[in-house]
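Heads up, the next two complexes both have subunit A, just with different partners, subunit B and then subunit C.
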Partner chain A sequence: MQDILKAKHWIIISLLPALLLYTFIVIVPIFWSSYYGFFKWSGMNEPSFIGWANYLEVVNDPIFWRALKNNMIIVVASVFGQVPIALLLALMLRQTTLFQRFVRSAVFLPTVISTVVVGLIWGYIYNPEFGIVNALLEMIGLESWTRAWLSDPDVNMYAVSIPIIWNYIGPYLIIFIAAIQNIPTEIEDAAKMDGANGFRKLFYITLPMMWTTIKVAVVLCISGSLKAFDQVFVMTGGGPAQSTELLATYMYNNTFMTYRYGYGSAVSTMIIIVSLILILISQILMKRKEEKGMGI
Partner chain B sequence: MRNNNLFLFLMVLISIWLTACNSDQAENTASTEESAEATVTIWHNFAGDDLRARTVRDLIDQFDEENPNISVESEAIPVDGYRQRISTVAAAQELPDVFFTYAGSFTDQFYDGGLIQPITPLMEEHSDWADSFLPTGLEAYEYGDNGDIYSAPVGMSSTSYLFYNKQLFEANGVEVPETWDQFLDVIHTFNDQDITPIAIGNQAPWVAQSTTFGAIADRVTGTEWFMKAVEQDGASFTDPVFIEALGYFKQLVDADAYQEGANSIDNTQAEQYFAQGKAAMMINGSWTVSSLAASASEDVIENIGVTVVPSIEDGEGRANTITGGPGGGFVLNSEAEGNVKEAGLELIYALSNEEAQKAIAESDSMVMYDVDIDRENVSPLYYEAFNLVRSVEFAPVYDLYLSAAAGEAINNGLQEIMLGGELETVAEKVQQAQVQSLEEE
Partner chain C sequence: MRKDVVYEANRSFNPVFRQKKSIFKVIKTVFLITFSFCMIYPLYWLFISAFKSTDEFFQFPYALPSEWTFDNFVRAWNLADLGGAMINSTVVTVVGTIFTVFLGALTAYVLSRFSFKWKGFIMLFFLLGMLIPIHSTLVPLFSIMNEIGMLNTYWALILPYTAFELPIAIFLITAYMSSIPKEMEEAAVIDGAGYWGIFFRIMLPMTVPAMATVAILAFLRYWNEYIFALVFINDASLKTLPLSLSIFSDGYSTDYSLTMAAMAIAVIPTVIMYVFFQEQIMKGMVAGSVKG
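Entry: the complex of A and B
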């Protein structure tokens, strides 16, 4: 009994620094910023209290809803791009031959590169004058498909999603490979003896055993995509004419470009609320799947 | 996963330790401060490797060396993030003693917030110097009922030169356009020859506004109307005359004057595009003169001519103007007192006195000061532009006078027009943003 108490003390003491730090640099500022959201404040003058006006303006601003829609495009692209591709690669790359290790590193590489560099690289790839995308299309005779990928509002949201997918497949790949390697060999052997092979084994053994990991990956993916900022900011800055505005770039532009700190704070509070709602929805959806026998 | 937690824990420990170290250091510098008479912190955006940035940094270093009793702590912040950094530290009440600011609404904010103090003592002490600024040079930094001066410009912003490629004009038998109709004809001719008429890099959306639209709009509406609209005093951005001005910009877009994807390449790429002879013209600011002087070969530079944006006959405004005015200058934090204030004023003077202005001018960039430059010391393109700008009048740069929010609105609005948006909607948004910011003051 005493050992357990002692251990508990130790756990609390060891967690304390991280918890304190987290409280002061994450949790407290969240409440602080939602409080600033009630003020008219340019950052330089004295803040003046204006009640719910900022929050109402956020909700009534069509650009906020466009930013939310664009963010949802990124969320969908990430959840249905990053996770399945990473899963597929993980299933193919579970051995450790030299070739597979090479492919793994290659897929992981973009994660290590600074996101600003990723934005710059893809900015050049999409460049209307000398970009490789248009050059390739011309080479194979599809001149009619060439376009200014980042400034044409019909396609630019999809164009900026691709680098984000490419950027973050790596971490999910690692998580999935670890999950596959954690499946006990006994179970695999038993399945083999029962005659489960190929797709059967995949759907009845491998995927169900990985389901919790996949769930975590999806949550990480959603929250990560809601924070999306850097690549898009570098590639388009939210433009042209705010057509690739994301929640984070919208917040940034309002706070730091037009000096409306109060309004920017209100926007960031709204981002947190939206994120919580989305995570909640995804949790409910996946829980239901689980109750239905893993849903596969 | 367990490893991960351990890693996090270590990171936390390391960061705590690092912050502890930092505060130690801060105390150390604080104790050495007492031996020197004053320490002045200065923030500026001359962080690049261009001639002007190096010149200004050298001036700061020189001041530091020549004044053993003053120690200067200088921080150079890249231009792109400068406004944001400064406004963030302003919000946190941590502004440096001396910092670089832009003329217009950016400085207005510091004045309104009581964050800066006048440098009038310098003006009184060096009256010759104060008299040598070009007209409107110091007025831009004049605030309050006493007419106190808060800064002295160390540069000139002149944002709308029409650069043209002499060879391309000759080869296609066209003259440099002086009127709007000629301008459209020239654009048409180059389009027929599959040459991009005008290069623009409007990814950062201030470019079209600052370089092109401001000049067009001033020719159409006249300066007086614009100043009234800024104050919302008898003029509004929804007035037909402003829609007309937007319409002239739309004419350029409709005439396919700009290269494809103009909104996804940046200003530097557009400059390169023009320098490579892929476009016949480019409307751009004095910074282009500096960057071409630094990066392009002599042949290329000799092939570039510079003039003003064509006149618009039906417009209310003057022809032969260039949008521009006083550039940025250094201001003094209102909290600087005693020795720090003295040292700060000295530093501001050292960075904007005659020698400094000459040094900056000879780094191929424009100044707002009556200074003679040696032709040999500068690039021929700069010399041409320097003489041009001194022979014309200034028109207001839109985003220097509009509120930050209205500036964003016109910037985004011009991109919208380039994508086929409605002129009235754009005008509406600019008007709304300007009204709202006036209310917030």
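Entry: the complex of A and C
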């Protein structure tokens, strides 16, 4: 009895620090922000209750919807950029020769670089005066294509997506290489014996065997790109004229630039709702595809 | 394996097949070299530009510097107070990493070795944190910290960094601890060791590999973190490296090679870490993200 009590005591004491820290910093703010979304509050004065006004303002603000659309562009660009590129590379990088290890390290390198540096350096790469993008286009005779990539509203969302894709191919590559290495060699050998080669082996053996991993990667990619902020904020700050506004930059610009904490809280709550809906949808879609895949 | 070799050998007798294969191999190698070049180029450009004068940078933006000078590095270091920023980043990163590893290991020990009523719920509760977009907690955290006077302190960064990294730390270390056999602890219990004794003298030393992975991941994340520092730190003397860089680049927006030098200084520690701990960083990031 004494021992059980002692153990109980110890469990509580040793779990408490992590639980408290985590609860107060990660969980409580969610409820806090959905509550303060109902208040008009500049940070200085006493918050005053204004009902659904902030939430209504958010959903009626066309910029919020543009930010959501831009966020979707980033999500789609990441899913259709990072995942296929990583997959293609993983299929090519199955050996452990020095050259292949070098390619792998090169692809992973941007992942460890500060996102602020990524934003700044890509800002320079797109620079109309000395950026290499325009210089390369001129070199191959496509002067007409040169432009101010980050300020032209027709293209700047696509331009800011590329550094984000570049930044995070590495983790997916490593996930896929691990998945390929996990495919039992017996299956590959059997397929070869049956005469399956090249593309047939790829589509009937390798990819189906990797399907679970690809699904995980897509879900990771969606939740990861919903968090995009740093690179875009450093490159454009959401501008010009809010053309590259993302949910996170919209929240930042509407809270800390204009001191509207009530409104910012409402936006934060909307961000959480949107993220959870998207993660849920992606899970459901992936599940359905799996059932279909099983049927084949 | 043997059959494989024979099979390949048979196929390579066929000259057409062999030729096709070698062309394919050349295309693949060229593609991989080009792709690696694109991945490295931005960083390469950053480093060569940092050694040029601004005039030279404008004249020949992509060429190697005609003479390699450290002027930009010295000037950037002094103008941007990068020394101060580096100290701040180091303090926040090191203390945050120690907190993360210690709390993660302690919690993991309880979750992997004791069974109690709320265990499943607590695991799920920590898992939930990985779904929450960090930036949606900025406004409430700012208000709370403002209320208790925590803004503009190291704690304003250390505590949120630790809290948001805890789920990954706990899951990585719990998974590792669960795979360690219990004999050692049982022997220690018979010898009369208490829970703290077992934790410090047996569990911690045996969990070093998992803790190292967690530490490396936490280190990189905290060193590079931007948005919390942007919102919670206003005091110039407390700015971390990413924050100083973003401000510096605004202030010296036309002195590109100077800004490049400042960026190079900030990037060097992570690149060095990457060179030494590459495998661990790759594996850790993947394990951490897949668990989420």
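Convention: the second predicted complex is superposed on the first by the 270 of 296 C-alpha atoms of A that agree within 3 Å, B and C clash if a C-alpha of one lies under 4 Å from a C-alpha of the other, contacts with A are read in each partner's own complex, and residues count from 1 in each chain.
Methods note: a contact is a pair of C-beta atoms (placed from the backbone, for glycine too) under 8 Å apart; a residue touches a chain by one contact, two chains touch by 3 or more.
Source: prediction; values computed, not measured.
Subunit B and subunit C, once both complexes are superposed via subunit A, clash.
When the shared chain is aligned, subunit B comes close enough to touch A:149, but subunit C does not.
After overlaying the two complexes on the shared chain, residue contacts for A:43 are found with subunit B and with subunit C alike. Using the contact criterion defined above for the overlaid structures, shared-chain residue A:186 touches neither subunit B nor subunit C, since it reaches no partner.
Judged by the touch definition given at the top, the superposed model places A:258 against subunit B, while subunit C stays out of reach. In the overlay built on the shared chain, the residue A:27 is in contact with subunit C alone; subunit B does not reach it. After overlaying the two complexes on the shared chain, residue contacts for A:3 are found with neither subunit B nor subunit C.
Touched residues of subunit A, counted separately for subunit B and subunit C, are more numerous for C.
On subunit A, the surface touched by subunit B in one complex and the surface touched by subunit C in the other have residues 14, 17-18, 21, 43, 129, 256, 261 in common. Listing the residues of subunit A that touch subunit C in their complex gives 7-8, 10-11, 14-15, 17-19, 21-22, 24-30, 32-33, 36, 43, 89, 92-93, 99-100, 102-118, 120-122, 124-125, 129-130, 132, 135, 166, 169-171, 174-175, 178, 185, 189, 192-193, 216, 220, 223-224, 226-227, 229-230, 233-234, 248, 251-252, 255-256, 261, 264-265, 268-269, 271-272, 275-276, 279.
Within the complex formed with subunit A, the residues of subunit B that make contact are 8-9, 12-13, 15-16, 83-84, 87-88, 90-91, 109-110, 112-113, 115, 202-205, 259-265, 269, 273, 403-405, 407-408, 412-413, 415-416, 418-419, 421, 440.
Here subunit C touches subunit A in the complex through residues 1, 3-4, 7, 28-29, 31-33, 35-36, 38-43, 45-46, 57-58, 61-62, 103-104, 106-107, 109-110, 114, 116, 122, 125-126, 128-129, 131-144, 146, 159-160, 162-164, 166-167, 170, 195, 199, 220, 223-224, 226-227, 231, 241-243, 245-246, 249, 256, 259-260, 263, 266-267, 270-271, 273-274, 278, 281-283, 285-286, 289-290, 292, going by the rule given at the top.
By the touch criterion given at the top, residues 14, 17-18, 21, 40, 42-45, 123, 126-129, 147-151, 153, 236-237, 239-243, 253, 256-261 of subunit A touch subunit B in their complex.
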